[in-house]
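Same chain, two partners: chain A is paired with chain B first, then with chain C.
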Partner chain A sequence: MPPRIRSSPGLLLNRAETSVLLHNAQPSPAAGRPWAAAATTSSSSSSSHYSPQCVSLLPQHHQQTSSFSTTASRDLSRNRTKFWAFLKKEGRDFKNAPGEPKYLGDLKGSKEKRHAPFPNNPTYKSEPVLSDVARETIWREIMKQGMPLKAVSAKYSVDMRRVAAVVRMKEIERQWEADHKPKALPYAKAITSMVPQHSLSEREQPFEPVNDVHVHSYTQQQLFWPASESREFTRKDAAEAFGEHILPPDEKMRIPELMQLEKDINAGVEKHEAYKSFLDATRESELQIANRERTRLMKEEANKTRVDSGRFEFRFERFNADNVGKNGRARKAVGWRYGVPFSDRRRAEVKIPTKME
Partner chain B sequence: MKYRRIARFHGLNPKRTRIRQTWNKYNLYNIFKQNDPRVVHRTFFQQKWTAKANTRAYHGEHIRERTWQRMFSRRLPSVVAMEPSYMAKHDGSEQAAGRGSGRDMPIGTEEKAIRNGNSTTPTPFMQMTYAPMERRLDIAVFRALFASSARQARQFCVHGAVTVNGMKMRYPGYLLNPGDLFQVNVERVLTATGCKKETTKNKTKKNSAAAAEDAEDAAEEVDGEEAKSSEETPKAEVQLDEAAEKDRQLAVLRRCRKRAKYISQTPSADLSAKQKKALRSLIKEVESTASIIARRGGDAKQTGDVVDKMTALMDKLDLKPALLEPEAKEKKEQEAKDAIEAKDLALEEERILKELIEQERENPIDSSKPYYTPWKPRPYMAPFAFIPRYLEVNPNICAAVYLRHPVARQGRAEVPTPFSPGLNQLAFNWYLRRG
Partner chain C sequence: MVMKIRLARFGRTNSPFYNIVVTHARTARNSRPLEVIGTYDPVPKKDSYDTSGRLHKDIKLDTTRAQYWIGVGAQPTDTVWRLLSMVGILEPKFRPSAAENQPKPPVAKA
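Showing the complex of A and B:
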């Protein structure tokens, strides 16, 4: 909601109230004057002291005027006139759903569609989203055919995190269907018609780059690093030059198996053979992650004692009370410590959770 | 009063125009005629001030300045897309060859840049000034197209209509973590993005303006209600035995077809107010019986009762004299005769009818809803409908996943901002707080 308008007390009286006040102060002789009734367009509390000259002007203006006013108001301000002209001309196509993506940037620009919602910002484009069919395809490959996430991501050139999100939401959608929970189908249909869609077919441009490497702030400054001309100065050397803990892009890639695949193909391995070993490698890496997660959970569970009282389940966790950090005020420290106020007594403590799990 | 508030919020006056995070038509106009503020004969401070004021009016206008200052980060996140095929071929030493910046290539060839795996497009870092804002839950809800303004999205959070990872999250200032799934109540989304419901006020206005159009609308409404009544029946049928179900469904289909034909042949303006009223009361009865089924679901006897009741209702609907014009009744009788003669339904018609019923089930006419039914998108929504890449949205269930923080890449910045890079740079400089 827009903010409320602060108005001065003088402005608090609206038109109706003012007319009522005037009415009370001066009993209306309007009954005896036929022009008064003819002049007022809508309000029944007709005016009492119009001059006949002024009244004869009134019907030419469509705006409703105050009953006591003797000057005619302007019909529309210049700005509002321009605004309505825009709505009638350029804005006309935007009013009802046009059935295809249509943005303001396409108005001013050339004939080819730029899909730019903001004419002043050339760096932002409404990029296509995965269509319903594409999401279904991804879900089927992962859940029905058991393909590794990485392989599906590389196959369709869709970010791995996006693949995971698609599957996750599709599962929820299927649960809704099973529960006969009504979906927002008309809304989804409208969105589909307004936002550009990508169906993951080979004729289209690749959906998005899958091997984005985050730019570390250490690498954003220019660095002069003397090296002999004969030296092979590789990506790894460059990373070391920027800092000891800076990783070369080869190690930061999201799907490093893709590089191995390309290397194999360059080395003359048959394409399908190389792809097979790529699939195996991605499957293996996924298994490793799953195992790591399982061991972590098991370790956590081993540290816990669960006591089920029927109504509640109490969980006791081993904790070292001496683990209070350097100054005894570590965030994760437990128990009451001398001189440290409780979190609900501390000033300006932000209570918004930082994660939801 | 409402108009004045909206006009003041968006500002039609060029001197105090503000672009906001809303889908309003005033906002559309303001974006359309937007110009960069003038910089000549103004001090650097003045330029920064104006830039800050303009950009902040769009980016989290409802967030206090101090809160934003705490969120602001001078570190602008960016990524570079690494091509695996290029990386497999080269280890990077070719870029350091020669005097340290790659071997010289003939002047005027773009080949060098391409060979090195880099494009020459600059990365628009300055458009990322307000990137931390996009992490807020309310703004993410607005970006995912679940609310028509950031303030409305905020209200959704505060009113408990938004969940994060399945748990209710009442803080609009919750900062989403990569991988967080947020969901908004479907009804809220439909209300926020749908057309306004017709109130009695609107209707009277409309009546005086375009009576003919209204009559058409009313006729459509009746059509829809008819279809709806037919839509409820199959729901009940599901519960029956398979053998009985087939027969019944056929019967229902036949009846639906008759009614569809009847409606299509009756001039819509001929329906009187009384007839419409009778129709509506019947629909209500059907709805209540359907809800009884839904509540008691599974009980075979009761379902049978309800189905019988409903069948009786349907018969009543077909035969009720008040509903039928004499001519139409004759026509209908003839049709019935034809149908008996033909003894089967035309497949094409059946298919079309099924489609219509399906459409009605998806998007029913329901006066109890807080939005216009059948649902349709609100006016001037299309130019604002875009989904940034850091979100993955499933509009069917009104859910979205915050995949990662927004980033800049060559030629693209993922923060949707209506301002030019120059203006954002001035704003960025303001928040750097240096001189």
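Showing the complex of A and C:
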């Protein structure tokens, strides 16, 4: 799944950084150079000291030179002077931002948080991520309480693929804990402090839409379809009119069971009863998918012969050599094809692997 | 002309991939064969999510066609013989026990 966030640590001041700032402001034994301790481990090249994030940690206003250098230090540039002035006035708020990360885009007085890290680009928003507590909740409901993935997805309004990914990652995390593998906790803490968190509580906005329906290009054309006035023309009929394989939106939804749930509630069924049958339906649909996958794997296995040679296992898959099409070049035919350019020589074909097995 | 069951090397440098083909013996290696009866990927691979580190090789083979061509006298090369013997189409030609059954040369005594 692609990352939803591209945040800029340079334009962000948060609590973690502020605490470092305050810590460094106190006199330290490192001979008046607050970052000397950090600098001893890395090289003394100045480039790393003047990244925007590090500059905010410096209490001094003059450029530091190495101890062996006889060159006089340069005065502050105009931009740097402005930056320090900013830190003294408007920037003060950013030092004491409690809890959530505070972005420069939220500067201009509005109380509503826009999560805009770049003040000149207000359309860019930093999207919230699932907090650790939220991910733990999702994992517990699925792995401990045995809730269907679809139901959890609908309950918290989190995409099903994300729910599955959360469970996988949490399982790996637990495996690592069992194996006593070290976790990169400081890194995780730093990242989570820089992006807004979503805790899946009811007070918050829904995390993401789970009911989006993909619009088929067939349904975007204008269609004149004569039908008698007395006829009840439903969404299903409309879908059929657009094409035989077009599904009505009720079936196209990622969690079509939600439709039945709403219909039941409208028909007067008790809420908890309706929810119970919703849970049953989602569980049933998941079982069906699992069964289908199991059948496929068994069929695949039945078509294979495994021979163990000691070093390697040779897997012989049977196939029909006659299925090569009219000219012997059918796409599904087995083996490299004769008389056509190889796929890696063809133009305009994406060669980046899209799937890892 | 002699019919051969042999491998035709495809793939790129350092990533071989073979078609198991039925051809006339005197044609070029990668020329168009009479029939492609399978593929052989000689690069051993691991199963995903398998931590045991076991390696496997993937082969596709139309056993019916292979049996037919053997039946009408096609001659497999050594490598193809080894593969076909694994699925029981041919008697194994090179097996570890074969070397042991050979009569040993007499040891010269001093």
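Here is the rule we use: the second predicted complex is superposed on the first by the 194 of 357 C-alpha atoms of A that agree within 3 Å, B and C clash if a C-alpha of one lies under 4 Å from a C-alpha of the other, contacts with A are read in each partner's own complex, and residues count from 1 in each chain.
In the analysis below, a contact is a pair of C-beta atoms (placed from the backbone, for glycine too) under 8 Å apart; a residue touches a chain by one contact, two chains touch by 3 or more.
Here the structure is a predicted model, which means the values were calculated and not measured.
In the superposition on chain A, contact is made by A:W336 with chain C only, not with chain B. Once the two complexes are overlaid on the shared chain, A:G146 sits clear of chain B and of chain C alike. Contacts of A:G268 after superposition: neither chain B nor chain C is touched. Once the two complexes are overlaid on the shared chain, A:V324 sits against chain C while remaining clear of chain B. Judged by the touch definition given at the top, the superposed model places A:F316 against chain C, while chain B stays out of reach. Of the two partner chains, chain C is the only one that A:T305 touches; chain B does not reach it.
Of the two partner chains, chain B is the only one that A:E208 touches; chain C does not reach it.
For chain A, the partner touching the most residues, choosing from chain B and chain C, is B. Chain A uses residues 356-357 to touch chain B in one structure and chain C in the other. Of all residues in chain B, only 4-6, 8-9, 12-14, 25-26, 28-29, 31-34, 36, 75, 77-85, 87-89, 91-93, 96, 98-100, 124, 127, 145, 151-152, 155, 164-165, 167, 169, 171, 173-175, 177-181, 186, 189-190, 193-194, 362-363, 374-377, 379-389, 392-399, 401, 403-404, 407, 409, 411-421 touch chain A in the complex they form. Interface of chain A with chain C (complex): residues 305, 307, 309, 311-321, 324, 333-336, 338-339, 342, 344, 356-357. Residue ranges on chain C touching chain A, taken from their complex, read 8, 10-12, 17, 19-20, 32-33, 35-39, 44, 48, 54-63, 65, 83, 86-87. If you check the complex, the residues on chain A that touch chain B are 1-5, 77, 79-80, 82-83, 86-87, 90-91, 94-98, 101-104, 107, 115, 117-121, 123-127, 129-130, 132, 135, 159, 161-162, 165-166, 168-170, 172-173, 176, 182-188, 190-192, 194-195, 208-209, 211-215, 217, 227, 229, 232-236, 238, 248-250, 253, 255, 258-263, 266, 352-357.
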